[in-house]
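Structure provided below as structure tokens; questions to follow.
Order as written gives the chain letters A, B, C and D; numbering starts at 1 within each chain.
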């Protein structure tokens, strides 16, 4: 372990800083103290998240979709170095040979190391990567302190903090998967609270047909940060429908399992049925076959029947909805419901690192943000008039617009200040290792 | 070969019958002579399409996505036997052991032979399959003549004719692929006319933002036939946009190839780039590397630069559009343009069996129907309020609603009377062996 | 079917001719009537073997290790055309484009069509291939009649007849596999006799340590035909050992299955255990899971407990031997026993096309030839002083000397006149679709 | 790094101890001080070999054939714990959950963790594994000191030291491969001497036909240690032949590469050619494409043309031999030559960790031991009368007797006291990551 003492406290403190900084994230002058603060808070948070991990843990790559924690720590640093610092002519990189290693997928920047081989990089060591982080932070700090970043640089800087927050979530989902692969079932943290909540019967909240504004105006032309794929803000005709007031729970899902949901082809999409058969799916990814436990970032724990079910593929979410006589929502239906909801709930800052039942069951739409990403039937495509960011950063989002479905709302490991009503997460239908669950929707004739 | 004489004449005659029958396809009483006529015409057309094939040709399965011609001939017959004839208690099937072989994917009906192994069925022979067709036709004929089919049966009968028309197109795309795999490059028919047309500069036809009615009311509650996936008819807000007045031509596409389009990652979706690299794509599937010829149902022929380009994957269509500074249309934009267009053009009845340049270049939107299926950015999902057909036939369409993109408009091998403005074809983005091309779209700010 | 009438009679007649011709196979002057007779007999036998097959059957390729019957018929013809007829300058081939299709693996002759794609060649048709056979036979006949073949040509001609005999066996093993893949389980011939024999307790015949002569002198320097891999004749020290007087029977093997042989890792080679687990082997390839039937060239039939077990991989043969407290023999031990045995038994000419229990159980070593190929522990490598044939025909055998084990003795589908005591057949350890069985051996301390 | 200071010195000291202990390895009474010494020396040597590795390095698994260094350290320890300590009833293991993780392939002992997933075990940590080593050593030490091990235990103890020595070599070949996968090309040790030797023209040493004694009498019935696969000692008739007086050098092999050896199918075994084409082999595994450098345990270094070529697959060794007009030797020819040669040369104790040219070129057979393992044409099978060790340890060797070829003589990373004239190493023909080279042989007519 790289650290002693209570990292939980450090994380919480970091998050408070990050969260408040975000609110002000729209003012991008070089003298922008909130942005500098946000940068430092986000950077510190990554370090805090890595604290429970040994150098060995940080090297684990359990499948080609996942990356080692060390790589996340290095790549997010490289992002700032390459796109902010190195944008200035004459910049001498900390280690030019690392471009190849820590470039993720930016073809326009140069070649990159094959993703499935990231787990083979024992060198540079975790200590070297942490030193790399410190060096880049020091260089960035000097530029920030000297007010020596132009508008373009400040924009990339802000983008980089959001980018790093995405990787914070991935760091946690990836290490969870890696630990689950170890027959010893180690815990990422054994000090996590284990809350058990109360359940509630699903209530359906109806919405008449309406033309709604979806997305946000393009950043940075418009001051409020959003990824390019959330723009432009545009009008969509959303049909009459109803949404469940809460996500599907473990208990709901267990009834589907017990009813033979995994053995009834008529409930499944054809691709999903093929995959579930070939991989012998019987239950959600991290449910134990003892019927009561599930794997969490605190190791194996009792499953709370009232907490939102998670680690479902799109196929499982869709099959459950069909079994329940309902369907998944579209991303527009979801955004419609979330547009006026306060952003909050069980996010990373709650330090539960696991979905939880709502503390109290209100009469309104609940748990839109946090707990679990909610699968939608919307495939990930461009909004009308979509323009990718110029230059290399145009590769950030747009080139992934095929074969993926949209998930909305953030999860229990999404950093606060990162998610918003217009935020579009996306994964291929087979993906199960994210904190992905669902909320039911219904047509209203 | 199973036949002597001029099959081309037979095909044309069949098609005339089919096409006219279709117009009346909405009246479904048992005494419905148009439906009986349509049945006979469609059935005869399949036989005519098989005539140029030897028993050996009819057994070819060149990849797991394709099926042998013999299997298409048998499966379409089985569809009528299983869902119309066998719906009556006590029915004795022609050969009960064939249920396993000719069921395609209806889990609710029973187990089915693995799709990739269809090419291993030398038995039953082609002659036996043709006899099977005759037997089922004879039994169907007796029921039709005796006015002995209730409403439900008549509906399935009508559905079955559309189903068989889909397989007629697949029979041709599949045999084209199989012949292309043979180094001798045999022709399906060597008597096909080889037309060379005139080109035209692309004109953009603009459309302001509008709420449009998409799809058709659900059949059979509503009398006009449509697949369940085209329903319900519903309102969609289509943003302002422009569409090209014609599909992209071979000449247009050759410019993309010559400009290094297949070597520039920045033009491609990430999945498309990976696939094109791993499979070493350099040009459309059937283009010869001599730069001038392409493989057709008449064998290797000179490429007409003015004819619509075809046999593109979604990835190639998308990359071309990006290179051209445009984009692919949504399925709603396409349907909007097609709603008022007459259905016609270079369809199967034209007996060209290959896309052709428009005979004359009008000022209006052209070639919406026929020639090539046009890729859209819309993924294949349910319309709001979608209800699959009841029973086994609910497996026809709905269970494929993931991982596929919509194509619109029909091709040069689509039977007339099959396609319509609301028709939704769908294939996965990597698919190249269909007659798939594209039409460009543009945002209008 | 290409023929009417009783093909069985034709086959038997052909075989008689072949067999007697073989005895004289060593005299290779152009006026050599026995060789001309042998050529015609072997060629006719292939045609006879193809008679029960429709053109569709003859196109089947059920796995990449197997080839369509049509391809066997064409390739063996091409062998004579390419290596005998085309050796003369100015020769005009029947169809130059077929070189690519019917070359199997001779890199030195030119490129060849990928083996797994042989089943995609509906053209040339079976009828064209039969015509090709006739044309080449006619050209060969003219050369033979005119005494117009030099020594080298006569040697290749003789080699070609042995080559074709190998493919006769493969034609049968390959069509058996293809028919087994068809859920209808068609029979290659339904007129095959179904003999049930008597069993015998295994007797062990001991052999003291001895230096023995193994193999044959190199042909054609030495007049008696042998493949290059059987030479040179050389001395081997064979240790004291004992061999079972008969092959392992179905009944013997069923006891192994019933005793959990397929579930006990300790009986298996490591590679065999992995393969059997991953492919879920529970019994020999063609045994039905009803416990009593097996698939034969006559379709599904009752298993005779006294007949030699066959269609075993090396791994299964080895595991059985270990379970039985014995081992497999080396190829030298086998040859030692066979050196003085008469060549005969249940070969192709017996027209059983399936292993049979010995008619009567003698006191001597039995069934060395025919019934089943017997796996040995000897891997396929060169004898000391081995020289491959010169030129392209050097590719015939030598380049396969890795990763394969030797089988000895011929099977029930090996043409008479083809096998001999020194004959070395070879297949990789996982191969199961040949008529492969085993005979037990034991060390004598 | 787990240690400071000069590990090289430690290694050398350990090796001296190991080497001398080995000489006395045959006396197995509990009071056997040489065996206790040998145990301690071998155990210490493993620790010394791990010293240059960080915990991250020790977790690397670059392919499924290789294992992490940490796993080698743990598994060799588990071997002693499980087969020596736990043989006594009532033994309480250090950690019972580790049985699953550190059992390699002993089915008879219980289930084992999948080999390709060994790199996912960040826990137990390297520090825990080192502590495990210390605990087991302490327990073993107490048993040794108290003279509390019976004959059987002493035998397994001796076997365990040889087992650990095998893993010492694998630890080095595996880490070499893993470091080579890292684009930074890190060195395992940068302090290795870089010797450049003198070349010599190959001389052929002839051997007439002879009956020779091969192998060693079975241990432990016979006092001298040998693996079960080296027994029984038996007579073999070795034909007349000649062997090259030295292994093939880098310079020799470069001539083959320059002559187009990797592009000429006629030089290759069929399987080798397929593999080399599909994997695009152009040169030995670790040769740089700059033509002059190769990857070593000291990182990238200039290639010495006179040093033995290594990291060849069997296919490459065989192709080279064919190109050179020679062949590979059999294992018997090799053993015949080595029987009277002193065991010595460039072994692990030389601390070069890379093959080297002979210091001086004598007139006799040289470099039989050390430098590179020499491929032979002999496949790995049982000697006549072979008996595996009883119980679980019977799985040590026998079950791998298929699909592998024998290599002889040890390499520059083989511990002294481990290799001998009768020693049979084995790997599948495609394996390239071992220190595998070749020595040419020739038939003598």
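Please note the rule applied: contacts are C-beta pairs under 8 Å (C-beta built on N, C-alpha and C of every residue); 3 or more make two chains touch, one makes a residue touch a chain.
Remember, predicted model here, so these are calculated numbers, not experimental data.
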Other chains in touch with both subunit A and subunit D: none
Centroid-based (C-alpha) most distant chain relative to subunit B: D
Whole-Å gap separating subunit B and subunit C, where each centre is the average of the chain's CA atoms: 47
Subunit B and subunit D, separation of their C-alpha mean positions in angstrom: 61
Interchain centroid distance [CA atoms averaged], subunit C/subunit D, Å: 39
Residue numbers of subunit C (touch at least two other chains): none
Full enumeration of touching chain pairs: A-B, A-D, B-C, C-D
Touching residues (chain side subunit D, partner subunit C) in the complex: 105, 107-108, 209, 211, 234-237, 239, 241, 265-266, 268-273, 314-315, 318, 327, 377-379, 381-382, 384-385, 394-395, 399-403, 405, 429, 443, 445
Residues of subunit D defined as touching subunit A within the complex: 54-60, 62, 97, 100-101, 113, 117, 119-126, 178, 181-184, 186
